[in-house]
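Just so it is clear, A, B, C and D label the chains in written order, and each chain counts residues from 1 on its own.
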Amino acid sequence: MSVDMRTFLAHVELANPITTAAGCASSGQELSQFFDLHRLGALTTRSITMAPRAGRPTPRMAETPSGMLNAVGLQGPGIEAFLERELPWLAQRGIKTIVSIGGGTVAEYSELARRLADAPGVTALEVNLSCPNMEDRGRVFAREGSAAAEVIASVRSIMRYDVPVVAKLAPDVADIVAVARACVDAGADALSMINNPLGMAIDTEALRPSLAAVTGGLSGPAILPLAVRCVWQVHAALPGVPLIGVGGVMSGQDAFQLVLAGACAVGVGTALFHDPYACLRIERELEDLLRARGFQRLADAVGLAHRPPGSAPRHLLVDTEESTP
Amino acid sequence: MQVTGTVLTTRRVDAYHALTVVAPGIAERYRPGHFVSVAVGGPHTSMVTRRALSIHDVKADYGGTVELVFTTRGPGTAWLAERRARDTLDLVGPLGRPFPLPRDPAHCVLVGSEYGSAVLFPLADALLARGCRVDFVLGGAGAERVFGAMRARRMATTTTLTTEDGSLGLRGKVTDALPSVIADTRADVVYACAPMETLRSVTAVAMEFDIPVQAAVEESMACGIGVCMTCVLPVIGDDGATRMVRACVEGPVFRGERVRFEDVGTIPFDALGAPGGGARHVS
Amino acid sequence: MSVDMRTFLAHVELANPITTAAGCASSGQELSQFFDLHRLGALTTRSITMAPRAGRPTPRMAETPSGMLNAVGLQGPGIEAFLERELPWLAQRGIKTIVSIGGGTVAEYSELARRLADAPGVTALEVNLSCPNMEDRGRVFAREGSAAAEVIASVRSIMRYDVPVVAKLAPDVADIVAVARACVDAGADALSMINNPLGMAIDTEALRPSLAAVTGGLSGPAILPLAVRCVWQVHAALPGVPLIGVGGVMSGQDAFQLVLAGACAVGVGTALFHDPYACLRIERELEDLLRARGFQRLADAVGLAHRPPGSAPRHLLVDTEESTP
Amino acid sequence: MQVTGTVLTTRRVDAYHALTVVAPGIAERYRPGHFVSVAVGGPHTSMVTRRALSIHDVKADYGGTVELVFTTRGPGTAWLAERRARDTLDLVGPLGRPFPLPRDPAHCVLVGSEYGSAVLFPLADALLARGCRVDFVLGGAGAERVFGAMRARRMATTTTLTTEDGSLGLRGKVTDALPSVIADTRADVVYACAPMETLRSVTAVAMEFDIPVQAAVEESMACGIGVCMTCVLPVIGDDGATRMVRACVEGPVFRGERVRFEDVGTIPFDALGAPGGGARHVS
């Protein structure tokens, strides 16, 4: 028996829930040497910026317990080159593509949306809100509900109605639900969480920060419990909103935790650095776990851990009913 | 490709550890200069990133084996040093851009420092097979850290050894010996694998002699396959523009003259997309 | 050569910088079976509450990658019993004791401070601000600078001037520096960070949250990068304020990272669950690391990683000068 | 105390793994009912908590060894199952409150389910040494999950086996067999180690016969030494008040009648400090 792994990001159907996490699969070409990208639920690009960006100085990464820090600084060739070379490559192959964008002002996000509005091959637009807001002393958009909402409202008004706008949230906030709600109220069709919490490591030989940029984003298994918690809280508060769960997913079991917490799709980031085939493996493992527990459809597991204690899972109730004569 | 290989043999070579791993798919695709990335720590480890190691040797036994030579630095290489025959090792490779070989027979000087020398031996084999002349300059902090001196002597026309403490060969660095080797051998090209500082000096020497240098660099790598953007360094392109390029897929072998060694660890102000170039508004 | 490991929490001298983290050493008696508590820089008690508390239902813990979740719920016998039995036991032995307190209202914290004001044996008072504020819909004090400041101001006004008041902060905020500053402005003599970020795990067999309390506090090595970052940011903004660095310290090297980031004392929590001797081991390892790098005094290493790039560490400059003829 | 012991032997016993570890200090202080906590995963593991395992046996060889018997459940016990002779293991122990022994010779029924049986054998030795009569009731899901049947038969007056699938002894649970064993042996006391549900039933049976039961419970433990407060369960004190007490230091052995088995996993409303008791203002 095979499990129906289809999922919906707003009205967009994905063949399975596993996507690459923004910034962890570049624009897909590198991974395509390892496997057929059509097997992904969707490919999420690195965050595209207006101008080309050289990023941060090296060292850009440091390993931490069950995690790593990165300070890449959104290195990339900018929207022109993306539209000219990278997006067409994906579009021609018909690969479901979630385009991530990053900006420093509302105007910059809006301009990026404008450029992408008519580009073929944009399955969904993910708005990376973990960028410093240049109009608010560099305060990160994702840490301020109203700034995040402003970006989302503008981007939503620009993008074609049939391209879902996904707001990507960061966990470094006192109240993730408040930020989530602000984004949904501003028109976000879905939410993605979590981006990297800010961390730091110090090189005890050099007696200096390990990263040239001093602080960096923490990713990997260490942050899985934060991701599960954020997805749980937001799904509890906004049960109708599709969530992409991201953060520390290394196995099907990790993905399953996020699904049970309320995610209908799951992003895989750091795991790709360890295993280029991680998305395929995780998808298979997730399917196996669902099958072993009697699920016929992924959709039946989404948010299932929220059911009141004592109540049997619905998918099993159905089974029982069917077997009663 | 990803391969779960079995460790065939482990041995100490002077100050280094050497592991031979059965990895047919990797051995088959291998060319000199390639590296692999190795998962470390075993199941449920807290170490999430792979370790990049050059391929020192490839043999046809057991369908294909690769040999890795390494020094213990942190917990990952310490774990590798504890592997024993019959343990399994998870490798991804072959990775990177290998050493380009000269079309016609040429005089080649191969410069290696510490474990960096390891990657030069299969290169020397390939060069000799093409009728090139090969001369080695190998160095290290002390005698036991000069890798492969014997093997170099067997295959090269000349082998020059340097140690910083003078315990073997000339006292000094490989770059101290390099000018006279280039001059004596009338070298056409230099191949080098060493720490960044040494590569910088090697490149400077080669440029003085106006010959090309192919330098294999070492940058901290999280993925090794070009998706994480952590391994970049400033390299000048054909168009004269400096870009922050990935050592793992665009390297690790670069034309030395193209690498802005003095600017490694920075974003040169004139690099494409450098802050100030109009993109200063995002981070 | 032995390193001078003494440190100051405001004007209070500790023989070494290693303390137990609140809630991870109960009230000391259990650990005293393993080693002499006098060898600690200080013992920090679990957070004492007004009334006895039975805490949360079990399961109260779940293991996560390089970490664990706990939802103990401040189980304890209450301030009466603490003053009657636990504090005197520590005081009679002359063990440096940082008493942690937890409350649900400003009034409750104040009352706890009042009870402790004249109790002998209180080396410092640590105010656990990661408790829900019953007068603000259960919002955690530590996530709201003004609420945190109100607690600190009141407690500070009540405690004897010679007992430092330490505000313990949580990392689940958009701006840790703002909360830190609010607490210092309100009179905090020192800050302790970080308390557990909120996390969650789901049992993929039971299809339910692993913890009875659903969410719990994440601790252990996974959070070390968050702790280093918080200490770094707060030390940069408030360099004169003594900081107790806490979070994921398992080794002397971890402690050293926090010291270099700006902590003058280091709290050890989860490591104690794994190794009852962890504090002694970490103190020894830290001393060895300092010695190997030529430090004569711990104090010279505090915040050292903040020095501008290119400048030599001061402790080494001194050496050089001495050796010049 | 903390001991880094060497694994002496590893073996399979039916469905279980048994490890003998050299741990003189622990062996010396041991009394039946004690447990140890074991560090799992090796260096740089992502598993930060120890695993609690009862001590099955203690021998004087090599200055003192302890034997642990366990079933693989998750990654920690899976790692333990892969240990081999000469590996080292980091143990803390002996931990917990051991089984109290009757002052005078008594008729004792020892009830064990699955690996819970393991802890009962050294207890039986101690009881026999005091002139007690010992009768065993051992059970499991199937024959291969009933631990120690042979050894029980050798040392006890009677041994009753139960399996849920009927593959060995009586079909059913240990508690199905218990009443007749208590009656037949005119037991004075019951000792039990089993899952919480089974202990609850064992206690109910013993209470029907009006004899005491000493029950060793199993609760998730993060520290094992009384400092983390994660292992609590509601137990009625001498004063009649219910407290949330720590299984690791106040147990794992409790008077069965005192444990509010039906309320395990909750905070009973009448427990000292339960929400509603005036402390509802903090979390």
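Just so we're on the same page, a contact is a pair of C-beta atoms (placed from the backbone, for glycine too) under 8 Å apart; a residue touches a chain by one contact, two chains touch by 3 or more.
On a predicted model such as this, the values are computed, not experimentally measured, just so you know.
Pairs A-D and C-D differ in how many C-beta pairs touch across them, and the larger number is found at C-D.
Centroids built from CA atoms put chain D at 45 Å from chain A. The distance from the centre of chain B to the centre of chain D, with each centre set as the mean of the Cα atoms, comes to 56 Å. Between chain A and chain B, the centres computed from C-alpha atoms are 35 Å apart.
Counting partner chains per residue, chain B has residues 46-47 touching two or more of them.
Contacts with at least two other chains are made by residues 65-67, 220-221 of chain C. The touch graph of these protein chains is complete, with an edge between every pair of chains.
Residue ranges on chain C touching chain B, taken from their complex, read 65-66, 221.
Across the interface of their complex, chain B is touched by residues 41-47, 75, 79 of chain D.
Of all the residues in chain D, the ones that touch chain C in their complex are 1-2, 39, 46-50, 92, 219-220, 222-233, 243-244, 249, 264-267, 271-275, 277-283. Partner chain A is touched in their complex by these residues of chain D: 46.
Within the complex, the chain A residues that touch chain C are 64-67, 69, 139-140, 143-144, 171-175, 197-202, 204, 207-209, 214-215, 218, 220-226, 228-229, 232-233, 248, 253, 256-257, 260-261, 289, 293, 301, 304-305, 309, 313.
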